[in-house]
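Next up: some structures, all given as structure tokens.
What follows is chain A paired twice: with chain B in the first complex and chain C in the second.
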Partner chain A sequence: MSNLLLVIFDLVLLAGLLGVAWRCLASTDLFRAVVLFITFGLLLALAWVRLEAPDIALAEAAIGAGITGALLLVTLERLRSIAVERRRGRPDQPPDPAGADALLHALHDPPPPRRTFVPALSFALVVGGLMVTALWHQPDAVGLEPVVDEHMGVSGVDHPITAVLLNFRAYDTFLELAIVLIALLGAWSLGRYDRLPARPAPGPILPGTLRLLVPVAIVTGVYILWAGSHAPGGAFQAGAILGAAGILLVLARPRDLPMAPSTPLRLGLTAGVGLFLAIGIVGLFIGPGLLGYPPEWAYPLIIVIEIAATLSIALTLVALFIAGRPAGDDH
Partner chain B sequence: MITFYLMAALFLLATILLGLIRVLRGPGSGDRMLAAQLFGTTGVTILLLLSMTLETPALVDVALVFALLAVVAAVAFVRQHGLPEPSGTPVHQRKNDQKTESDDDR
Partner chain C sequence: MSEAPAEMLPLAISGLVALSLTLAILATVWPRQAHRIGGYGAVLMAAAVVALSALFVAAGPEPESAATRVALGGWEAPLGVMLHLDGLSMTLLVLTGVVGLATSLYSLGYVHDPIERRQFWPLWLWLWAGLNMLLLSGDAFNLYISLEVVSLSAVALVAFTGTAAAVSGAMRYLLVNILGSLSFLMGVVLLFGEHGVLDLVLLEARTEIGPTERMAAVLMTAGLMLKAALFPLHVWLAPAHGSAPAPVSAVLSGLVVTGSFYLILRLWMGPFAPLATPAFGILVGLLGVAALVWGSAQALRSGRLKSIVAYSTVAQFGYLLIAFPLMLIESEAWKVVVFFAIVHALAKASVFLAAGTLQHAAGHDRVAEMGGVLRARGRTVFALGLAGVSLMGLPFTGGFIAKYLLLEAGLSTILAGSLIGVLWVIAIAGGGLLAAGYVLRMVAPAFHRGARDAGEAVSPWMDWVPLGLAVVAAAAGFAGTLTLHTLTLTPGAP
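After this line comes the complex of A and B, so read on.
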């Protein structure tokens, strides 16, 4: 009975995911597409739970449902204010065909006739067919689970996923951290700090909510970081939660926040990659190899790396959200 | 008891799919956003029910993060309240949005 119910649950969830994704992509109203995207993130987190991947569900809950939604909403707000400003500045001139105004027009106009329907459908069918054929001939492999279980003793932690991420495959995680840093460098190289206008919400609700939520978010972030050594959690999830707390402060500030001083900010942003690399190089001389730790030191080293990575990820997310390097920094 | 939890989770999932009508139809942006916020609350409940049925205590953490971070999108939305509408919005939508705003002010 309960197995049947689980199957029905999965099928309903799958139908919901496909339906929401389709409506999100087909929507001509940008705001509706953003709300559908937030809903998609929520359903996707449930799907990860059903796939028995609570670690990814945590990350999806933090990034997909929380931060990305806010990022898209703020982007929409910026697009609108740019369009309104252009219009106000030059009322007689026709709108710039490549400008934000034209973009908004194009996005709100009815979609063009579907000339691409047949090629898109045939492409999807071919790719889908190839994937099904590839999976069809997949032998029933046990995967790497037994190998990881066998070596858990030397990993220094109790949670297999943290052991893989920060010990057995530390190289991958190191490169992921580097990619996050490079993404920020890319955003910073695009332009200077462009202030989101401080927009105080009238009434006591927003400041009161923040006063309650930000401390809870910080405690939760630290808890998720600590939980990572023996249960789902870890640096990426904790960093996302702390970053979300920072984004809340940026979004709801009643007046402009003082900008973080440049040198400590940069040190914090690079702490994760820098410390990871330093410990990895030390491992080259006294441990088993590059990015390997001596087994008796594994636990404290992993904790140090995770703390630094959490700090860097949280700062990077907030900096990416503001999107622009600190002002007064160009000399 | 497990069967009861699962049926409750299934029912809540069905309410999310029903609530999608509000997101798709609108008419105001407030209606759509509020529907998404309620999905967040429903999602927390589904996660807690699944954590009981699948006997995975870690899902309680996922539910906690969900409940905490659903606010971020809401705060980003509240900021936009009172922003001028984009010039490209079709007229019927603009009218509906204004109606919603006056509803909120009451």
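After this line comes the complex of A and C, so read on.
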């Protein structure tokens, strides 16, 4: 009986995923598309839970739906404020109402791109069809689970996914941290931080909610980080949750955001990769190799790396949300 | 040979990865010192690569056992990630070191604005580290991540000047890169699902010809072709390479594109080797001919110096595609292809650097109006011409040796009874003529009568580095024997 219910649940979930994805792509209003994208991320997280991959579900919910959604929303907000500024004009450039209207129009009701619709759909169907055919013939490969299980004893942690991410394939994880950092460097290279346009002062609800939410987010983030060594969780998920708390704080005081001085900020942003590499290089000389740990030191070293990585990820995500590089960076 | 070099090699490989990452991280933390870190670091990195290659050549005893594999963290495949160094990756590492050093020295002069400098150097050092890691990786998933490091920093470098043309070129480049990466990743996922391993050597041992392999091969190759701007997936290249700052264009056209090509070659000589059929080879070769004709035609039509150079990349990469059918018949041809790619990268980087100097002096890059600057800046024009001559393949340059070897391979396929070989030979020879056409378009105004106008002053780095690199490109022919010998130290290659 419960089996039947689960099948029905899965089918509804699948239909929901397809429906939301379609609505998201078909929506002409960008704000609605972003909201649908966030919904899609949450449904996808549920799908990962059903596929018994709670680690990916956590990451999808926190990063795919949460942080990405916030980034998309703040981009929309900035585009709107650019339109308003163009209409009013600035000291160095005359007002341009036509351009502003065109931009606003593009945000809310862009002309549907008819020309590309049929080719895009047929391409997607062909590739999708071929993928399904290829997957259909695929045997249930054993994968690496037996090998990982065999080495769990010397990995320093009790959760196989953390063992793979922070020990067996630490190099990949290190490079993923580097990619998040490079994304921020790219965003910073494009320009200095512009304050978000001043909106009406937030009412009592936002600060009140934050006072309750931020401590909860911090406790949750630290717990998820700690849990990573023996249960689903880890630096990326914890960093995303702490980053979300940071974004809420930024939103609560859009006008008087305190700006961190450059060097400490950059040290914080690179703490994850920096410490990871430093420990890795020590491992080259006194351990088993580059990015390796002496077995008896594996657990404490992994924890140290995870704490630094969490801090860096959270800071990077908040910095990406603020977008441009802080003014102090150019002095 | 002696024992010591072989024992030191794994340490040296790890050391190179660690060095390039350390430089990138230091520059990220202290952007104010980034140009010093980058300048000295580039010399250090080039020295490290040369030392590594000396160790490699000294240690590589037999072609079949010449690959050095380093287990990161002490975890052997299939559990861990392996670094993999063989003749192919060693040669391209040296290329990366040479072009990287030249670009770094040039950038000391080119990127002089203190604010821009702080953005440029960290990104460039990450890109260089990414290229080193791409060339040293022996693991399918790790290759994907290294590709991402390279692509993301390359996109940011195209955009960092912040002009409208640069940002829109970068945006297009970003979308293309994401599509290419996702396609590559889907292929990796398929292979892992089928075989349960990610290590390339283990994959090669397990591959059979089935629907999964075909699908994975199509997805991964298409993704990489998109990134390498191989015809017909090249349309993004000219806007991105043409609008980027000169040192960035040089690295993109010289190294980043070559990196994707290296990966295609690595995959088709490894796990996908059984899938290569003659009909498939001929299809790829025809694409190459089309690339040669179309890219050259665009280069001949374009009125802007950097666009000409960018389109010539599309054309020159046609040769690499033409080489594919040759490789199926004449198995030694792959070494010629790599040698050609190396000479092209050196020449192309120096052409872009020289073009950057001229553009800086003139304040624009419209060929028709650059006569005065071209006449006054003999040294840079000489660099442009010398590298151009290597691109054309005139005698006594590296390009000549590469094209000669390529023609030889083409002729031997005709002798082996392949009629279509005639087309390849005509294309290889004719492509040189087309190249002569667009190279002459760039340098011809220097020989017209008219006023001389040196334009804006340029730093000595910008004056001398293009020339130095052009001399290296022209002289690369003398390193031909050593390069081909190093390339034979690639186990598993035909």
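Just so it is clear, the second predicted complex is superposed on the first by the 298 of 331 C-alpha atoms of A that agree within 3 Å, B and C clash if a C-alpha of one lies under 4 Å from a C-alpha of the other, contacts with A are read in each partner's own complex, and residues count from 1 in each chain.
By our rule, a residue touches a chain if its C-beta (ideal position, glycine included) is under 8 Å from a C-beta of that chain, and two chains touch if they have at least 3 such contacts.
Since the model is a prediction, treat every value here as computed from it, not as a measurement.
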For this session: Determine, under the contact definition given at the top, whether A:Val142 touches first (chain B), second (chain C), both, or neither.
Result: second
Exercise. So, A:Trp188: does it touch chain B (first), chain C (second), both, or neither?
Worked result: second
Problem set entry | Partner chain(s) touched by A:Ile38 [first = chain B, second = chain C, both, neither] | first
Exercise. Which holds for A:Ala65: it touches chain B only (first), chain C only (second), both, or neither?
Worked result: first
For this session: Answer with first, second, both or neither: which of chain B and chain C does A:Val216 touch in the superposed model?
Result: first
Exercise. Given the touch rule stated above, what does A:Glu176 touch, chain B (first), chain C (second), both, or neither?
Worked result: second
Problem set entry | More chain A residues in contact [chain B versus chain C] | B
For this session: Check whether A:Ala83 is in contact with chain B, with chain C, with both or with neither, and answer first, second, both or neither.
Result: first
For this session: Return first, second, both or neither, reflecting whether A:Ala244 touches chain B, chain C, both chains, or no partner chain.
Result: first
For this session: May I ask you to decide whether A:Ala231 touches chain B, chain C, both, or neither, giving the answer as first, second, both or neither?
Result: first
Problem set entry | On chain A, positions contacted by chain B and by chain C | none
For this session: Over in the complex, which chain C residues touch chain A? Could you list them?
Result: 10-11, 14-15, 17-18, 21-22, 24-25, 28-31, 70-75, 78-81, 115, 118-120, 122-123, 126, 133, 141-142, 145-146, 148-149, 152-153, 155-156, 159-160, 162, 167, 186, 190, 192-197, 210-212, 214-216
Problem set entry | In the complex, chain A residues that touch chain C | 130-131, 133-135, 137-139, 141-144, 147-148, 151, 167-172, 175-176, 178-179, 181-183, 185-186, 188-191, 263, 266-267, 269-270, 273-274, 277, 280-281, 283-284, 287-293, 329-330
Problem set entry | Interface residues, chain B side, partner chain A - complex | 2-3, 6-7, 9-10, 13-14, 16-17, 20, 23-24, 26, 29, 32-33, 35-36, 39-40, 43, 46-47, 50, 53-54, 56-59, 61-62, 64-66, 68-73, 75-81, 83-90, 93
Exercise. Where on chain A does chain B make contact in their complex?
Worked result: 1-2, 5-6, 8-9, 12-13, 15-16, 19-20, 23, 29, 31-32, 35-36, 38-39, 42-43, 45-46, 49-50, 52, 54, 57-58, 61-62, 65-67, 69-70, 73-74, 76-77, 79-81, 83-84, 87, 101, 104-105, 107-109, 199, 201, 206, 209, 213, 216-217, 220, 223-224, 227, 231-233, 237, 241, 244, 247-248, 251-252
